[in-house]
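Order as written gives the chain letters A, B, C and D; numbering starts at 1 within each chain.
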Amino acid sequence: MGTTTDIPEITSSFTEYAIFIVLLPMLAFPVILFLGRLFNGNETWVKSAKEGGLIALPIMVASFILSLILIVEFIGSGTGSHHIGDWLSFGWIGADGMTIEEKVFGVGIYIDHVTVMLLFVASFLCMLINIFSIGYMNTDPINDNRNHRFYAEFVLFCSGMLGMVLADSFLWLFIFWELMGLCSYLLIGFYYERPSAAYAAKKAFLTTRVGDVFLVIGLVMLWNMFGSLDYSVVFNPDNIAAVDSGELQMALGMMFIGAVGKSAQFPLHVWLPDAMEGPTPVSALIHAATMVNAGLYLVARMFPFFGAPSMAGELVDLAFIIAAIGGITAVMAAAIAFVQDDLKKVLAYSTMSQLAYIFTGLGAALWLANTPGMEEYAIIAFGAALFHLFNHAMAKGMLFMASGSVIHEMHHAHHDLHHHDDHGDDHGEDHHDDHHDEFDAQSMSNMGGLASKMPITATAMLVGSASIMGLPLIGGFWSKEGIIANTWRVAREEPLFWFPAFCVLLGAAMTGFYMSRMWLKTFAGKPKTEVAENVHENTPWIPIPLVTLTFVSLSSVILAGMMFTHWSSDSGYAFFSDKGLADGLIYEFEHIFLNSDAFFFVLTYVVIFIGAIVGPGLAMALYGGALKEGEKAKGWMQPIINLSARVNEKRGFDNSAWADSGLSVALKERLYFDKWYDTAMLKLVAGFAVLSATFDRKVIDGTIKTIERSSQKISLSVRKLTTGSARDYIMMAALGVLVIYAMLEVMI
Amino acid sequence: MIDPAWVSVLSALLFTIGLWGAFTRKNAIVVLMCLELILNAANLQFVAAAIQHGDANGWVYAIFAIAIAASEVAIGLAIFLAMYGQHESISLDDVNLLKH
Amino acid sequence: MDANTFDMDLLQTLGPELTVFVGLLLIMIIPNLGNGKFRIPGTQIELPWFLGGTRYKAVSSPRLPGLLAVLTMSLALIQVLWYLLETNADGSRANAVANVISSENGYEIFSVNLFSRIFEAIFFAALLLAALASLDRLPTGSVKSNDIDVLFNNRRQADFYILMLTSALGMSVVALAQDMFVLFIGLELASFSTYVLVAFHKETRAGSEGGAKYFIVGSVASAVGLYGLSMLYLWAGSLQFDVLAAKWATDGASSLSMMALGFVLVGFAFKISAAPFHFAAPDAYSGANSPVAGVLATASKAMGMLGLMRVLLLITVPDSAAEDESAVWIGLLGVMAAVTMTWGNIAALGSENPKRMLAYSSVAHAGYMLAALTAIGAWNWGLVDTGGDAKDIVVAALLFHMFVLVFFKLGAFLVLGLLEMEGGASRLSSLSGLGKREPLLAVAMFLFMISLAGVPPMAGFLSKLLVIMGIVEVATGSGSLDSLMDAHWVWWLALLMVLNSAISMFYYLRVGVVMYFHEPEEGREGPLASGVSIRLAIAVCAIGTVAFGLVGGELIELCRDATQYLG
Amino acid sequence: MKMDYLSLLVVLPIMASIFLLILTSRLSAESRKKFDSSIRMASLGITLVMFAIAMLMFLGQIGDVDWKGIAFNNYEFKESYVWIEPLGIEWSVGVDGLSFPMVWLTTLLLPITIIATWNEKAGATYFPLILMMGGALIGVFVALDLFMFYVFWELTLIPMFFLILKWGGKDRKYAAQKFFIYTFTASVVMLLGLFTMYFLMDTQTFSMVEMVTEANGANTSGVWLGLEVQKALFIMLMLGFLVKLPAAPFHTWLPDAHVQAPTGGSMLLAGVMLKMGAYGMFRLPISLFPHALEEFRFVIMIIGLISLVWGAIVCLGQTNLKKMVAYSSVSHMGVILLGIASMQPLGWAAALFMMFAHGIISPMLFAVCGAFKHHYHSMEIGAMRGMAKHSPWLATSMMFGWMASLGLPLLAGFVAELMLMVAYWHAYGWWILLPGLVLALTAAYYLWSMQRTIFEGGDETQPPESLHGEPVPDIANSEKLAMLLLAGFTILFGIMPWIFLDMMDIWTRNAMIFLGFGA
């Protein structure tokens, strides 16, 4: 073992400097932190440096540019790695039990299709988020004097994400993975004074930590099999051929649990909705758009194991588990999203659900890869999953930023309105405080009819929702279609997969419903509060990323045409496929809309029907409504609003019965998972811990103390023999004489 | 002549009585007397042994022992007197201020 | 050497002892010098004979007897040390040959050699330090007036130091004796002196009581010992060491000899305060003033130990023919050692009176020493298969232990003595706040305590280490065991010893805690009375405690050289 | 003349300490106060000189040592002087890949401790005691003579006893005694084992070098002293070290000692003193009794697991911040036992690096605890919330320390944990779930405590009751400096662990080969 695959060592290219993609933001972390501490409150610092925002931005831009260069480089030369050096070296007694070998943990950069795709997503989104944050964070007074902390943690987070993507071994993947975990903890707990934020931060860290434990165990198992964690070693089919498939499946399964934690899948999903406690909506965006992808990335990295000839048919169980977990989460999260009133929570559950889609897609792809004869489909399925990751990241990023925009403006409107009130109101400060506390700027019940007031945001939201829902031709449509089709493809081969297959199909309809519901409740209908009526879209910086991402989402059709699906999963495909853009588009269209296989032909239209018509239709029936008189949205939104108003008026059913049903309550309670987990933690673990502490004090230490105490008693009773009377002393001595005499006589 | 063995028996008897008396009697003076008994038991034995072994040293030992006994009594009485002065008692059981 | 010829040789050989003797005479005479006149009967001629009458100013100082005693003891000690350390040009010991003083008919009385001289060094050192410490302790009254008070004080001072010197003399006789009876005489002389010393504070209830108890129990013990001697004499026809040893070698294991041995043991066991003969010791220590108690715990104990060694190691020497039968006392001694060390430590655990605590700790130390003796016995009888010098190590360890014990055990008592000058040291709380009141004194006391407990790098550690080492060496035999269970059982004594050390840590540390943690008692806040000489003594003890712990090599060497003169 | 730098490192602080203590003991309390700052500066100066020497040694400026080329049982800077001749006892010093990191660590921690506790009361005696402590600790690590080793082993107790007694908390009296007696008891048993070994061997030497040579010579062809004896001696020796470590169930002295000890005492206690146990294990029982080690490896593993798991669980049930940190030390020390039991060079290196990493991280934890106590007059978790608002520096330091301790990557502790997990899985398979559980539990108790201290509230109008309305200041500049230094080194050794790991690795590899576990 230990032979490396034939991955060309790229020496003369830009790859050597790829490390700076990671290092730049990492080094910016202490700089921003200390400058911020130093100049806290300084006017120049606040105005010109945006409390660090304008230090972070160039860094992120540089990272992005470096990434782009790297991607271009990659397209030129293909998969490669750059070994920077050995991090640790140590002795290891090998299989023979005697010989000590030298083993190392290396450091390096590894670049292939998955890497560059994720690299683009991460660096691009991080840059946009940075721009957005400057608009969002620096205009909210609550953040004054602590934005430097935000930017510092933010750049560290980005460094973690980029590092994880670029790492050339599972070890460094894990290291950066944890680094991200730390930053997410810090960012969720950014408003440390809020108990809910503190709680959410802890919850996020702990839940992911549970997964991480298994990830570590998986990595350790993997290391013991391969003697290395470097991709170049573990992906080598020769090396894979030498290991036991059962053990490998167990190791990968362990690693998958780590991915489940990080990507908030059932049953470790509970942290994600609470993570919305972070600065609205930036940390949410981080969690939704980038960090959660880490788990997907990890599973995607397992592909070579499944594709290895020696493992054929051996790892299908794991593939099914991955798909099944995805299926369960997809439906569950979507269902919970039905009843959420909080704008960000809806998005959070939507994230969970969409990630589950990708997991299902990956599961299917892995199954296909692991099944002899299905390899060609595996590539497509894998590509579909990765493409969905891309689409979802872009769309969800946009959605979160848009929601942030909404919330931000709601806040401002509320603030302005109230400030206005103050002049004519004698109630003064008390009133202010009460009002401030009660008003929930994130609740959709307080919004409504914002489409006309926030055109850019509403548009972005619309496109994003459409992408997530999979409306034909927009963003996620291409990828979601692929995931569903490939899951069904597997289901036809393997009956077990009927379960995830049905789940994703059902999920498509549910997605259509809850995304539409969200958009309609927010942007359509009449403003539900006074605040919503006074919302304006006027914060600088915020529109830039929104507009950018809108175009990216819309243009994913081009990516589809460029055979992104194939390209992102297989190094055999060049970027612009041999077909060219036009041919590629035609190929894709044909493939999806006019599939030669009747089953998939029907499936496509079923998906379109339920996802684009049934789901949104129901949502319109329940939540649709026209704008306030005289208000008019942009041309591309007005018809939708009008349609929703019409559907709403004509709806033939009343949902109030099921809104109060047990199921609805259960969904609102997030299916009681949080409750159970909290109970388990508090009652069982904490209870046991307190018991243990008592045991430690009373029994273990108590033994020592008892010895100590009884020694005093024994001492007293011994000393009591010294009665004080000389007669007794003499008697004792006489007894001693007798004993001595007896002993000597007996021994003789 | 008496068999020296009988002298030894007598001395053992004296020793036993002395030792027994030393821890059964409360009166310090009586204890002192018991002490003398033990010492005399030793003297007797010395003399008897000297006769038995035909060694003059035994006689010398006995004389020395008598001197020791005498000074012991002197010291003992002095100390008991001091004790009586403080405790108003020469009962060994009463003098038990120092204990444990 | 012929004992009948009183010549310069004898003077030289017995120099220290004679020094003490002369010092004794001087203390008796000098304070009485005055213009007393003697009228020749029948005439009116008055001849000045300088005794009595109005005493001269120069000799009426109450401190004079003390100074004389210190001087005497110092001279004696210097001579002893000179003897011990004198070297030839090539670095070998000058006094490598024992000087035996015997009568014309070959009756050996004294033997002057390294072994006995080391013991003398121990005795003189202890007594010297005690005497030095007592200089400040006894009430002296006004020096200027020469009324009856001064006379009284003077008288008492003289008595005290006379008793010190007589006990020194008695002890040195014990050290030199080559005959059981001579040894016994010396023992009695020393004992009688200490009885009176303990009862010296006869004006207090505790003093008279402690003295009485110590006297009564001690007398019974030595009477039993004397009876044992008489039986020994009956059995062997002589009390000469070499005769006894020869007799023991041929028919040691007789009922009579065993009984005799048992009784003799009792006499010495009381001196070293081994259980169950130790009961009077705590009472005596707490009744006596501290320097005297210190002497009891060091010099007196060493004297008892010396007796035990003579009896057990010199007389009951190994004899291959009588191997199994004569190995009788090691079992007895082993049990006694185990009981003694455990008893002492457990009793000391909860003791609230520092002097009693030290007394019990002294009992525990006796147990350690007995354990060492047991190991020597096991080696002597060839019960363990080990060659070389295993026995020498243990004997040397014992000597070393007793020597350094003088410093830290006596030192601890002296610190209590300093406190007594202020108003009592009978409660642990008397020590409280010492860390604040007298930092250096507290440090010294702490050093003594951890040295007693056996914490490196104190002398007490090295001595305990040597004892354990010796025991373990004996126990492990020639060096190849199948398991530790095969080691001789004295190994378990070593284990018990280390565990006991751990127990003892508790009460020794408590002293430290009280000194540094507790607030001083009311009315005892300030610094202690200044007593130059007692402080000097304490300083010597502290330095000795540390110095012999760090560089005890020379002393160990000396002790090892001395072991060959044991018998 | 060639300088004997190692002896200097031992003797200099002890002598200086005694000198300073005597110097000030004659002064009254008031005039002693005036000397506080000059004595503090003197102490700091001495420790800095020591650190400089250690640093120069490491860099090769002194001695020009190739730290990665030291063969097993070979030592650098080796010097011997006759000490107690009749017993063959020598003052013998030397360092190798096992001991040098600990020496370096000690010299590093001393100045940091002094800086962190800059304003400790009664500094005129406090700082000299810290110095003495340092000298004794270094003495343990450089001693090559059993007697010397034991002397310094026990000598460390004395300054620590006084540090706890004089500067400690409410129950300091009890804690100081318990600490002393508990560890003393274990070490006297160890001492007996050492002697028994001494007399059973052929050469009868106190020199560790010769001892190991003899042991190895016999162990390669058979079993030195016989297996039964080896096992018995192994147990006796390990007992002393396990209590010092401390391993469950002998750990209960540690929480008491830590909670009551002053900050500086805790820092040195957790930072270096606990490591003496692990160091001793490697130096004596493991090096001498490899056969017994093989017999007992599973037992050691179980003891390690119990310490690890039990320590973590009990941590979770603590409400006292310092006690929690103390138990976390117990838990971390369990890792060392697991590393030893893995019988892999990697596992041993993990144990060694854990000693080192924990030696940097735990002082930081205790410095934080000390600052917390100092500022909020309470040690209860939850007594003060929203620390991030009142005392951002303290909060940051705390979070950093906690994160380092729970094994966050790129910080020193992670390296050891990772290496351990690798070796452990190889040796014991699915038992790894328990250490895994502990990883989660560790996170749980640290996060739980942070939630209740750093986070939540922080409204300046509601300071904690224990403050009685005083203002809440952030930590002093000296404390900041100490925290920064510790944090810096934690990061340094997290990113560049090879600085010391390499020499540890070489040591473990050579040891494995030497002891016959590898070829």
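Convention: contacts are C-beta pairs under 8 Å (C-beta built on N, C-alpha and C of every residue); 3 or more make two chains touch, one makes a residue touch a chain.
What you are looking at is a predicted structure, and each value in this text was computed from that prediction instead of being measured.
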Path length in the contact graph (subunit B to subunit C, fewest steps): 1
Per-chain Cα centre nearest the global Cα centre, belonging to chain: D
Identity of the chain that, by mean CA position, is farthest from subunit A: B
Between subunit D and subunit A, distance of the C-alpha-averaged centres to the nearest whole Å: 39
Cα-centroid distance, subunit A relative to subunit C, in whole angstrom: 81
Subunit A and subunit B, separation of their C-alpha mean positions in angstrom: 98
Whole-Å gap between the CA centroids of subunit C and subunit D: 44
In subunit B, residues with contacts to at least two other chains: 19, 22, 31, 92, 95-100
Shared-contact residues (touching 2 or more other chains) in subunit D: none
Of all residues in subunit A, the ones touching two or more other chains: 716, 719, 722, 724, 726, 728, 730, 737
Listing of all chain pairs that touch each other, if any do: A-B, A-C, A-D, B-C, C-D
Sites on subunit D touched by subunit A in the complex: 178, 182, 248-249, 251-253, 256, 310, 313-318, 343-346, 349, 386, 388-389, 392, 403, 408-410, 414-415, 418-419, 421-422, 424-426, 432-433, 436-437, 439-441, 443-445, 447-448, 450-451, 454-459, 497-498, 501-502, 505, 508-509, 512-513, 517-519
Of subunit A, residues touching subunit D in the complex: 37, 87-93, 98-100, 103, 171, 174-176, 178-179, 182, 185, 189, 192-195, 197-199, 201-202, 205-206, 209-210, 212-214, 216-217, 220-221, 223-224, 681, 685-686, 688-694, 696, 700-701, 704
In the complex with subunit C, residue positions of subunit B that touch it: 8, 11, 15, 18-19, 22, 28, 31-32, 35, 38-39, 41-46, 48-50, 52-53, 55, 57-58, 61, 64-65, 68, 71-72, 75-76, 78-80, 82-83, 85-87, 92, 95-100
Interface residues, subunit C side, partner subunit B - complex: 107, 181, 185, 188, 192, 195-196, 199, 202-206, 208-213, 215-216, 219-220, 223-224, 226-227, 229-231, 233-234, 237-239, 282-283, 286-287, 356
Contact footprint of subunit A on subunit B as seen in their complex: 19, 22-26, 31, 92-93, 95-100
